[in-house]
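Read from first to last, the chains carry the letters A, B, C, D, E and F; within each, the first residue is number 1.
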Amino acid sequence: MKYIVAIIQPHKLEEVKQALEDVEVHLITVSNVHGRGRQKGFTEVYRGSKEVGLLKKIKVETAVNDDFVDTAVGAIEKSCHTGKPGDGKIFILDLAECIRIGTGERGPAAIG
Amino acid sequence: MKYIVAIIQPHKLEEVKQALEDVEVHLITVSNVHGRGRQKGFTEVYRGSKEVGLLKKIKVETAVNDDFVDTAVGAIEKSCHTGKPGDGKIFILDLAECIRIGTGERGPAAIG
Amino acid sequence: MKYIVAIIQPHKLEEVKQALEDVEVHLITVSNVHGRGRQKGFTEVYRGSKEVGLLKKIKVETAVNDDFVDTAVGAIEKSCHTGKPGDGKIFILDLAECIRIGTGERGPAAIG
Amino acid sequence: MNAGDTTWIMVCAVLVFIMTPGVALFYGGLARRKNVLSILMQCFVIMCLITLQWVLVGYSLAFGPDTGYGIIGGLGWAGLRGVGMEAHEYAETIPHFVFMIFQLQFAIITAAIMVGAFAERMKFSAFLVFILLWSTFVYDPIAHWVWGDGGWLGEMGALDFAGGIVVHVSSGVSALLVAIMIGRRVGLDMTAFAPHSLPFTVLGGALLWFGWFGFNAGSALAADGIAANAFVTTMISTAAAGITWMFIEWKHHGVPTVLGIVTGAIAGLVAVTPACGLVTPMASIPVGAIASTLCYFAINMLKPRLGYDDSLDVFGLHGMAGIWGTIAVGLFAVEALAGTNGLFYGGAKLLLIQLVYMSVCIAYALAATWIIFKIVDTVIGIRVSKEDEIVGLDLTQHREGAYTTLE
Amino acid sequence: MNAGDTTWIMVCAVLVFIMTPGVALFYGGLARRKNVLSILMQCFVIMCLITLQWVLVGYSLAFGPDTGYGIIGGLGWAGLRGVGMEAHEYAETIPHFVFMIFQLQFAIITAAIMVGAFAERMKFSAFLVFILLWSTFVYDPIAHWVWGDGGWLGEMGALDFAGGIVVHVSSGVSALLVAIMIGRRVGLDMTAFAPHSLPFTVLGGALLWFGWFGFNAGSALAADGIAANAFVTTMISTAAAGITWMFIEWKHHGVPTVLGIVTGAIAGLVAVTPACGLVTPMASIPVGAIASTLCYFAINMLKPRLGYDDSLDVFGLHGMAGIWGTIAVGLFAVEALAGTNGLFYGGAKLLLIQLVYMSVCIAYALAATWIIFKIVDTVIGIRVSKEDEIVGLDLTQHREGAYTTLE
Amino acid sequence: MNAGDTTWIMVCAVLVFIMTPGVALFYGGLARRKNVLSILMQCFVIMCLITLQWVLVGYSLAFGPDTGYGIIGGLGWAGLRGVGMEAHEYAETIPHFVFMIFQLQFAIITAAIMVGAFAERMKFSAFLVFILLWSTFVYDPIAHWVWGDGGWLGEMGALDFAGGIVVHVSSGVSALLVAIMIGRRVGLDMTAFAPHSLPFTVLGGALLWFGWFGFNAGSALAADGIAANAFVTTMISTAAAGITWMFIEWKHHGVPTVLGIVTGAIAGLVAVTPACGLVTPMASIPVGAIASTLCYFAINMLKPRLGYDDSLDVFGLHGMAGIWGTIAVGLFAVEALAGTNGLFYGGAKLLLIQLVYMSVCIAYALAATWIIFKIVDTVIGIRVSKEDEIVGLDLTQHREGAYTTLE
């Protein structure tokens, strides 16, 4: 089992959701994050002062069984790729255990 | 050492906090996330348009030593279980290292 | 490759960003979290009722290649250390894979 | 007719109008994030619904020609028949329309005040029916008794300058009863519910104070010295009450809070409402200070002890302060303003009348509210399901979210 | 001169003034988080820009001495030459300055209404030029035709008490055209854009209703019975429209929403605008109820079917309800108020005039807007780049973020 | 007595009243999330505290019968003794109560303006004492000097229509001194502090503009031509200043910001305050435009260069624009309005008087503020601890959080 963490552009969320659904990855957890990457930020202006903020990003997390990793990653890559800085990253972690609270199921059975 | 990530119903947070405290797991990190799972979302209505939003969830993270994993997971399961869709999931990752910044402690000593 | 997760005091963010930059760790993901740790919270007062809230914290995540782990951790420790409760924790997870969406690069090449 | 007075009362109607959005923000900020829209919705629908009720029947019931015994106005003015651009003796220097629309704002805000007591758990459909019945069978008769031409309490000599009983006590005690009957909110025993946006609450409180000048000084029905007196006492009582609350809380909880001072200010506004045109500016200092003290006690001691869940303290504020203000009229009224003296100026009779007035209205409001509640609960069911309450009323009753959270 | 009337119109000017921040919040809440400041900015700059335009030339064009044929005012009053503290025959009991500044608020709010249609995608520089030209070449002439001394539509007998056509239809149809010409927003085909803060929208809606009393009742230009009538019909129409929308939506979508009832209320306010001082209070019930029905239809059926992206439904609300209100004058006007009867009271002529009035103004507004759009688009380019649109106008056009998100 | 004038001044009092919540939102939005409540609290407590101070002693000190030499009013009117429903010569057509309560709003807003300079770091207890002393020993005397019956600067011929010096410069320079004495905020050297909610700031700015009509046009103390002139110049100066700021910023920083235009608008409001009833509408264009230019310079160049931390630019806005407006009176005043001509109309004397007036008041305000600061700092300690500052004043001074963040 793998725990996939993708940092994407906010406006790509709908496409990623759709792409994952298309490859049968239905269960995801999404949150707001801020990132510093290769994409440059915006200098914001507040009266006299200026500051460069972090960029708003979306984090999509999904735990999948091993045979779903490639399709899931592929779906995210395809929906987010533009080739410009800021497209984002995917991180894959090993998942030691997964538990569905509602049923008490454990392991691969609990993932999907 | 394990890194436990639980996605729970927002209104269960107080109970989970209490349950973890009861089994001596005091240190937690909590954040807002949004999830798509088996629980169905709400169709929201904005004038003419409708959309199904993601559901609001709470993520509870806690790093624990190996001998605390079962009791911690048990505490979360017990406090969140209702048997209805949406109860949530627990993910367990291996934790390679843990450092307490204030003291410089490392490993199991730094966890609690 | 390692996935470093640091939970820090909110007002330390600027210093951490700077410290990481100084050791050539440029890419980070930052988010709001709430923590219960050894630092005690504030009893908030709302008319008759009181409650102890969780403390606001910042989570800084950065994926680094193995040879950057020590310097990155050191930078975070140095910039956040005060010795008082609440300084925070650093968690290090093994990172199985990393993908840069924009180029399709994988592994260590995709990290930085 | 006088353009100055007409302007004043139209302006005051506008000022009282904005109090309902004010109360909506005040309550909305105090609610949890998942219920803020349900509060705004309830207040907004009251503005619409009570307007139609008022012009169709309510105004006639409250202010129309008495049907005898001073109990209720007839339907003679239903649909605004006979209400027009000419002045009426209720206010001889302004168009009758203006008096009618000014009074409408009072009917609206009174209903909106109640929303706080049963916040976060009432079914919207049941709410609609409840509030319509309540306004018709509780507000309209009580308004008639004391303000309507020939109303029996008014004839008896009860004084209520801008609606301490009519507006605040009637809504406050009714709201308390509803809060008790509908029961406590799910989860309240586990943790306190923190206000989701105190800046909204402060803004709402500010709009209330702003509009209250129209409420109180407008009740003079002319731009004259009495209006000026009411304006001044309103400002002073509010200030005294805000400061009093702040210091009590500072002493009691160790810190002064902004929610506290705003709450205190509203206690002062409520208490001075029945008294503003009847007492002197200096008397309004104790009126406000004592109001805060009593409300602080009710909210901080009485409520936790008795265990009822008056979510946003409608009774603790409007009920308590309204009762005190009504008594205060009996204590502080001066002949030059009120036509009769209160206890502190040597007149005991007024206080007695005020107590009768208060008791009768409280008893009636409670009885009528009990009946209306029972009817609505039986026919429609007044409370949402536990599941809906947990998810929140915004999503379950209105399928809307107040704020987007991902972007 | 009369201090009462002067006070009333100064107050009404202040009330109409606050409508523009009201519309800014109303629209701002409906926008996505990344574009809210761009909306506030556009509304705020309109308040400044149109003020300068108005005192320099606009007022003279709209209300200055007619240059012949009733088409346009001359530049005789440019820079407020000859406009002073004395009364003018436009309003004989108040200083000319007061009339001028009251009318300015109408010019401002009219421009601000349009902002909703092309929200979230117009370049700020292009916007500035567009709105200045529009106000000068569309608003000012139309205002002159019906309200200016010697304006041809006014002479013809067209009635528009507070600006159904001048304000709402002119902006509504122009905004629709701009929305169509500028095209749909990026990403709209993938998902609906949820309002980022409905509490702001409700607050904005409340400020609109609040200010609208000044808009409508102030248009009587005196604190008299007509003003009172306009005040009352404004309240009633809005209430009827709010309730109507709520029930239609409840039936159609299964729930009543707060955005719905506020939207309905605004439909009622728009529709009663041209009619408020010309119809009876009871007639304002159908005026409001039918307005909501038509607007609901336009927004829920027409817009999705035709596929244009009138982002915040400027046409669906102001255009539709303004058209209906203008027709409603022809149906419900009563001689005692309007000097002539509408169709339901036996007069067919007025309805005809109203239809001519409406058609002429719509045709002119569309034609002029088309030309202005083309010029601005050619010279400056009217739409931001796709990248900028995705990031949001706040950061790309103004380098500001509405809310801090990390702390 | 005149119901029209009475209405006008009561309305204006209400309008000025809402400016303090306006300034609270304006500043609150600019503050960091962890300090917004402390700002709201400080503004709210000022509304309460200064009200009590005013009716007990402040009004008497400022406007009471002069004790000789034009320096201060006596305590003859303390506790509102002798202040009643009849008119007083300060304003002969309205109840004395109304004049008193209108003036109270000025005392309140003046104190509230200062809050921005030392925001995010002052201990609440110290703040309370400081502001009470400041209002009593700085505001009240200065108000007496120029507006009080027999005040020496007024006798000398100094003109300050609505309080350029009394309100804006006195608070602006005092605030600057406090900001310098209390020191820079922790962390400011590392990063700029971004406003936590610009929509609140814009809303606050809009409420300020809204209320300012009452502030300026109400200062005519009657609903007459002078009031109309003040209303018009207020609108125009603000617009000119907003537009000017926008273009300067666009040129200088590459983008026009909404915070910029709102800031500019306020500069224009401040500058026209002393001048509004004394200059012509067209003169108010340069008054506003130059105000923005000067304030832009002060905030963007002077402040960074000198390194003081006037957190929300109280001096940069109110100080600078107030000084300019006071000078502008000496330049643009016209005899028909002011009774004497400014420099540009051939009168040099007035400008000289204005300069003396300004210098005296600045010197006095600085000296008195310095003393008050030292006393409060010695007795109570004026700044919170570094730890408390880092956590934020909301939690540490008031034990409240502005927004819930988990749910």
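Everything that follows uses one rule, which is that a contact is a pair of C-beta atoms (placed from the backbone, for glycine too) under 8 Å apart; a residue touches a chain by one contact, two chains touch by 3 or more.
The structure displayed is predicted, hence computed values, not measured ones.
Listing every chain that touches chain A and chain F alike gives B, C, D, E.
Shared contact partners of chain E and chain F comprise A, B, C, D. Here the CA centre of chain C is 50 Å from the CA centre of chain D. Averaging C-alpha coordinates per chain places the centre of chain B 44 Å away from that of chain D.
Between the Cα centres of chain D and chain F there is a gap of 34 Å. The multi-chain contact residues of chain B, meaning those touching 2 or more other chains, are 30-32, 34, 44-46, 53-54, 56, 93-94. Residues of chain F found to touch two or more other chains are 2-5, 7, 11, 191, 194-195, 197, 253, 255, 257, 259, 398-401, 405-407.
Interchain contacts join each chain to each other chain, per the touch definition above.
Interface of chain A with chain B (complex): residues 3, 17, 26-32, 61, 63, 93-104, 110. Contact residues on chain C toward chain D in their complex (touch as defined above): 44-51, 53. Across the complex, chain B meets chain F through its residues 10, 13, 30-32, 56, 58.
Touching chain B in their complex are the following residues of chain C: 2, 6-8, 31-38, 54, 57, 59, 73, 76-77, 80-94.
Residues 191-195, 249, 253, 255, 257, 259-260, 263, 299-301, 303-304, 313 of chain F are the ones touching chain A in the complex.
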